[in-house]
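Following are the structures in question.
After this come two complexes, each holding chain A, first together with chain B and then together with chain C.
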Partner chain A sequence: MEKDPNNILDEVTQGEYKYGFYTDIEMETAPRGLSEDTIRFISAKKNEPEWLLEFRLNAYRKWLGMTEPTWAHLHHPPINYQDIIYYAAPKKKKELASLDEVDPELIETFNKLGISLEEQKRLTGVAVDAVIDSVSVKTTFSETLEKQGIIFCSFSEAVQKVPELVKQYMGTVVPSDDNYFAALNSAVFSDGSFCYIPKGVRCPIELSTYFRINAANTGQFERTLIIGDEGSYVSYMEGCTAPMRDENQLHAAIVEIIALKDAEVKYSTVQNWYPGNKQGEGGIYNFVTKRGICKGNNSKISWTQVETGSAITWKYPSVVLMGDHSVGEFYSVAVTNNYQQADTGSKMIHLGKNTKSTIISKGISAGYSNNSYRGLVKMTKRAENARNFSQCDSLLLGDRCGAHTFPYIKTENKTSIVEHEATTSKISDDQLFYCNQRGIGTESAIGLIVNGYAREVLKQLPMEFAVEAQKLLSISLEGSVG
Partner chain B sequence: MDQVGSLNALNTGIMDGTTTNYNTREALLKLFDERIAGYALNDSPELTAMRREAIAGFASAGFPHTKMEKWRNTDLTRVLNHDFKFPEAPVMAEVDLEEIFRCEVPGFDTHMIAQLNGWFIERGAGLSQAAQGVVVCSMAEAFEKYPDIIASHYGKYAPVKENSLSALNTAFAQDGVFVFVPDNVEVNEIVQIVNLVHSADPVFVQPRNLVILGKNSSLRLVHCDDSVDDQVGFINAVSEIVLSENARLDHYKLQNKNDRSALVNNVFFHLEAGANLSTNAISLNGGLIRNEVYVRLNGRGSHADILGVYLMDRDQHIDNQVFVDHAVPDCTSNELFKGILDDQASGVFNGHILVRKDAQRTNAYQNNKNILISDKAVIDTKPFLEIYADDVKCSHGATVGQLDSEAMFYLRSRGISADNARMLLMYAFAAEIVNKISIPQLKQRIDDLVKKRLRGELSICDQCVLHCNSREQKVSFEIDMSKI
Partner chain C sequence: MLSIKNLRVSIEGKEILKGINLEVRPGEVHAIMGPNGTGKSTLASVIAGRDIFEVEEGEIIFNGKNLLEMPVEDRASEGIFLSFQYPVEIPGVSITNFMRTAVNEQRKYHGLDPMPANEFLAKMEEKKRMLDIHAKLANRSVNEGFSGGEKKKNEIFQLAMLEPTLAILDETDSGLDIDALKVVANGVNKLRRPDNAFLVITHYQRLLEYIVPDIVHVLFDGRIVRSGGKELAMELEEKGYEWIRSEA
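Let's look at the complex of A and B:
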């Protein structure tokens, strides 16, 4: 029997969040609140050099003078920055040399999440850096990678091992006073991933970081730094989940990518933080600054993101196209449901000659959610023959949700070409009818259409992620089209 | 006009030129305090209250500045830094309008109303359809004769809080044009409002217009903004235009100002069910032009076409802000703005379509296309959609580029010189908007002006206030195919 399409819509949009469990691990935390002492505490915990502490304190002082941005199309109660625990780490007794020494609880947690920390999963060919709450717990395959000269480790490890690289590049793409949340992160960042691909090396396996917020009342502030040296290639993936809690948790991360001459960095994210319940309670506030710089000629940075989680997403992965002939790409599917709010998009700053950028953004909003695309394409005077194409489409599933598009285009020279187009619509009755009359039920038809709609972006994902992303998409939207 | 007396009094005080930089918010507030008592003598108590509310709105917001989202690309400070005066009403006997202005559109038979420095100027012949109840008069007169219409419409569409320049206008406005078309009347004559600034001193002008179209009525309205000399001036105009059920309005704005002038034109359209609006902004010249168009689609089945073309060069700045508010279901809107920017000219387009909750079956389209001719020209475009209903079709596009190289090649390969080919393509680019003008004489004239403009003649001749070449004979502006 044919179901009422409205019910199907409800069902589609009411899939449960299946990563909402909590693992009881012995934790070590900093006292609540933010002050110079907290920062000194974090820095001391991580045994950091003086310059890094200085960097943090500097950022903190700048942060004190800044105000939270209000321009985004987002509404949330004020965040009490003194009520957050800025450091939480699974207690570890000693340096981990092998997987056997990792807390079995932790391994269990990651197994539940479907993330293999075990070497036997070598066949999947993915090196994983697992970050729980604020701290990297385990990086797999690092020895294999080391043979090629690739450095893939936690950020704090990199600070100890290759301080000169960290010092040279950290904060060059996202300065510590770039914005409110970047300053906060620069002051209190706890850990994250660091990746360096040497000259001419093509990273043989996918690198991956898995972020998990576990402890209550904590904020997660990780920092990722990826450096692609001349002629190198790397594909990097990031995933994230969090337990279900009634209160909102803050996640303010920074990702910096540097691509030198002829380097290519591909960064994929499947963001699935806890989005809050159907009444809009709880969920993660996701305020992330991601930016890459194509420093050398012929370099390329590509962002792909599938955003299904978080109560609030505030995220604009950007590329500064500095080298001549460099390429920036941004592919995004953002799904909001219930009371989720997303304000996301991309910035492409063209500085070099013959630079090219592409922005493909697909927004899907359902329930009472609001989904905004916000982007900037800037062609500076020097960017001769630069080219941009942007397309941002929105799909509305339900009559209580909102879809908004805020594209900014600034052109300062006569040879560049910028094209922007956007559409907003619901799934058309024609399309549904077409499927129905060929014997495809409304529910499958909706799934088909939504997947087809997002296909352009999903096909950019590495295979391991594409499967997960497609599943996520169908779960996030289970039952949602009328 | 009985306000002349009080106006002489108004033109004293801090307007004497003794204060520099009078444009500060404080100076205006002080001026308001000095004048409000004088205004109140002629105003209704409601209007006085409205002025007070408006000045409070302006006081809290101040002049727009580049930190404001809607003003981030238009910097008013460069045009505000003058020792402006509020002009007094011209003494009718001394004004020879023919001397200072004459309509440049040949064969354009209109009912022309002039505004000089913001003041309505009485002209000889009345409107032929006055007997049917069509009214075209000064705002001052309307306040006296039609208090009911004023009470229900004046200041009802222009906000005094969010828009500080509109608030400033409401606080100080003294005169403007009032047009009233009763139900079921189709106005045959084209009503042409010519807004002139002619003064020895820099003037700050606050014209205020109100146009009411009754049910099933129709009107063609051409609104020209011209400079007649090279003096610095700031026009801060507000027009409120109401289209009742099934009314039709064909509205044109022609802007041909000097390079030292600033023009901020706030137009608020309010459309009831079945109303049909077509508004076309043609900006050919002007130091700083900002057109803010607000269209509220307030009744089912209403439709708005919002078009614009701008051709700017030298240091000119054009800013088109369009806000289309789909408040009810089943409305359609269509926006198309095209511009060519040369030299150091800068352009801004900011389109905003709002589809409110439950405004289902909305169909809205928005497009902005730009061509940059020089490396110093800058364009900022932001087509913005805000949608809260699901059964909608909304799309927008924006392009910035140069002339199509393949089209250039095609023309060159057929023996057309590079200059001519470039001109043909630019002309074709602008023609998409020009061809939509439904008044033949006006279309012809704009067509000519665009051609002239593209050849660079307009900036030399029409910029010159003498109008020597357009006084008597009609110049042929055709593209001479034999030369191509």
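Let's look at the complex of A and C:
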């Protein structure tokens, strides 16, 4: 009568990846492999100015002299960088004036994901910049935004439209030689999003972008740049799901955020790249560099992330708190299941006086997965009276998964305060029995308990995103109970 | 409605229930009394389906269905409700969300669509009023940081929301102050119908003054050693268990 708790959890956590499908859109691709020629090809395709080509080549040359980082608690076979196609784009037909002109198959894809542009547009009032395989297909609401002087477009478009802004800020938060993957991205980045909020403007709507990997063997190298000018406010959302593929796909994005004096930038993301199958085959390698700088006094940058996907996640959204009284926040839920591996966390670098940072990290591990929190809190000499509070909790489902916490704290002055709390817990049989006794099946019970556990983070998400995230958390741990 | 025959249950090789026989008919209230550690909660858990207990022998039939072959959640949807002696905390899950999930999962079991949101909220309001529960409590996480009495009240609130056919109250009175005890007892009495039944586990005669039982059973060392009318509870209160012990 007694069941092995591991078996029960297996049954419950073996949900198939629900977004596994593949859209066939005509591709225009770069030749396989990486060389200066590849980079020139990409740059030419995008009709880029000379300085940007130089930026790319410079990054490439630095990358050649670097080696892949090995310090993370992650394991994967060596990546063959010559076996990757670095550029793929749906063939440009003509400028699109309305949704009717968008490739029906593309609309279909969005419908399957439950994020149809029409729905988004009509119901939620969200401007969607949908990126499929590197090239922006459609930007909505751009007119509304334009009136306020807000620039929200694809990165490539920004290079054409506002090259000075791009040139001024790009690479200032994440230098092109910051790390191995950042250097790679800087050399070959294909597209991404650009957002500029002018002085004193509060962006009236949530800005949202959906990314999606959609071609075999195509590394994805998005690049996002968000600039909040003095006294501005913006809430930016990015979410993604990827179709089921057998081969590993490399994803090495860069996100840079700049908040000037009194500006606030809120960045939310739900990440659901294909995690691989139950045996740990396939799945996306997600090696991302995300960093923001609170450049001016009283500025604020807040990262919220819900991570359920990818075979491997390597990601540490960080904030450099340069302006006095500036605030940095990091709220994270990371779910790993089966053979997924995640090494994620945050860095808060306090440079200014009276700066404040908060880190709330909730790791949830199931199956044979490994989930690590890695964080750095640095209080420099000048950061008088700076404060940090970190809370890192791990929830284990079953006893074959792992949770690890690596907090690094460096304090160079006597007036700053760093607080760190960490807990590890399990879903208890008593909790499951209690839910079951109310008629709630084990699968739903786990979804309910996990969502409750992550509530502190989920409530940071914009409403429409939170609902999606809650579903995703349940789905990623779901399966048929036998 | 509930028929238990020769139920023998053990845990970790130790026999706890040593042949229980019990018949509960619709409309009845049964009380189960007995010293600490004699197996009252074990009996409640086994009816509800807790799988850490080994059923060695016997059967439990509920409305013609063999409960022992059913998973816990199906038993619940069939109409079994257990008010826990020690309610469990579920951090971050609001009572509203918890109840909505429970109500709708039970409806799904019976092939019904989810309850419309306004109907559900109206029902929540009605039951909260009936049990004198603060509006704020429903927004708090299930049992997290609740006082002992609040936890027990919350159990009865859930009972009221789920409207089971057989409700088992495991020491619901312990931890309640006198006023709360009356509120809870009144609530239970309002929920009584000709087609449902209650199994009330308690140490104290006081609760039974409010929720008047049809039959009182004394559970002693894994066996029901005596059954009688409500006066049996009075007798126990007067004489204590030594009286039973000397007879057993």
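Here is the rule we use: the second predicted complex is superposed on the first by the 442 of 482 C-alpha atoms of A that agree within 3 Å, B and C clash if a C-alpha of one lies under 4 Å from a C-alpha of the other, contacts with A are read in each partner's own complex, and residues count from 1 in each chain.
Definition applied: a residue touches a chain if its C-beta (ideal position, glycine included) is under 8 Å from a C-beta of that chain, and two chains touch if they have at least 3 such contacts.
Only a predicted model underlies this, so the values are computations on that prediction, with no experimental measurement involved.
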Comparing chain B against chain C, which has contacts with more of the residues in chain A? B
Looking at the overlay, what does A:400 touch: chain B (first), chain C (second), both, or neither? first
Once the shared chain is lined up, is A:438 touching chain B (first), chain C (second), both, or neither of them? second
Partner chain in contact with A:413 - chain B first, chain C second, else both or neither: first
Could you tell me if A:51 is touching chain B, chain C, both of them or neither one (first, second, both, neither)? neither
Intersection of chain A interface sets (partners chain B, chain C): none
Note: in the complex, chain C contacts chain A through residues 48-55, 71-73, 76-77, 80-82, 84, 87-93, 97-98, 101-102, 105-106, 109, 141, 158, 162
Which positions of chain A touch chain C when the two form their complex? 1-3, 428-431, 433-442, 444, 448-449, 451-456
For the complex, which residues does chain A have touching chain B? 71, 73, 379, 381, 394, 396-426
Flag every residue of chain B that touches chain A in the complex, lowest number first. 69, 357-358, 360, 370, 372-375, 377-402
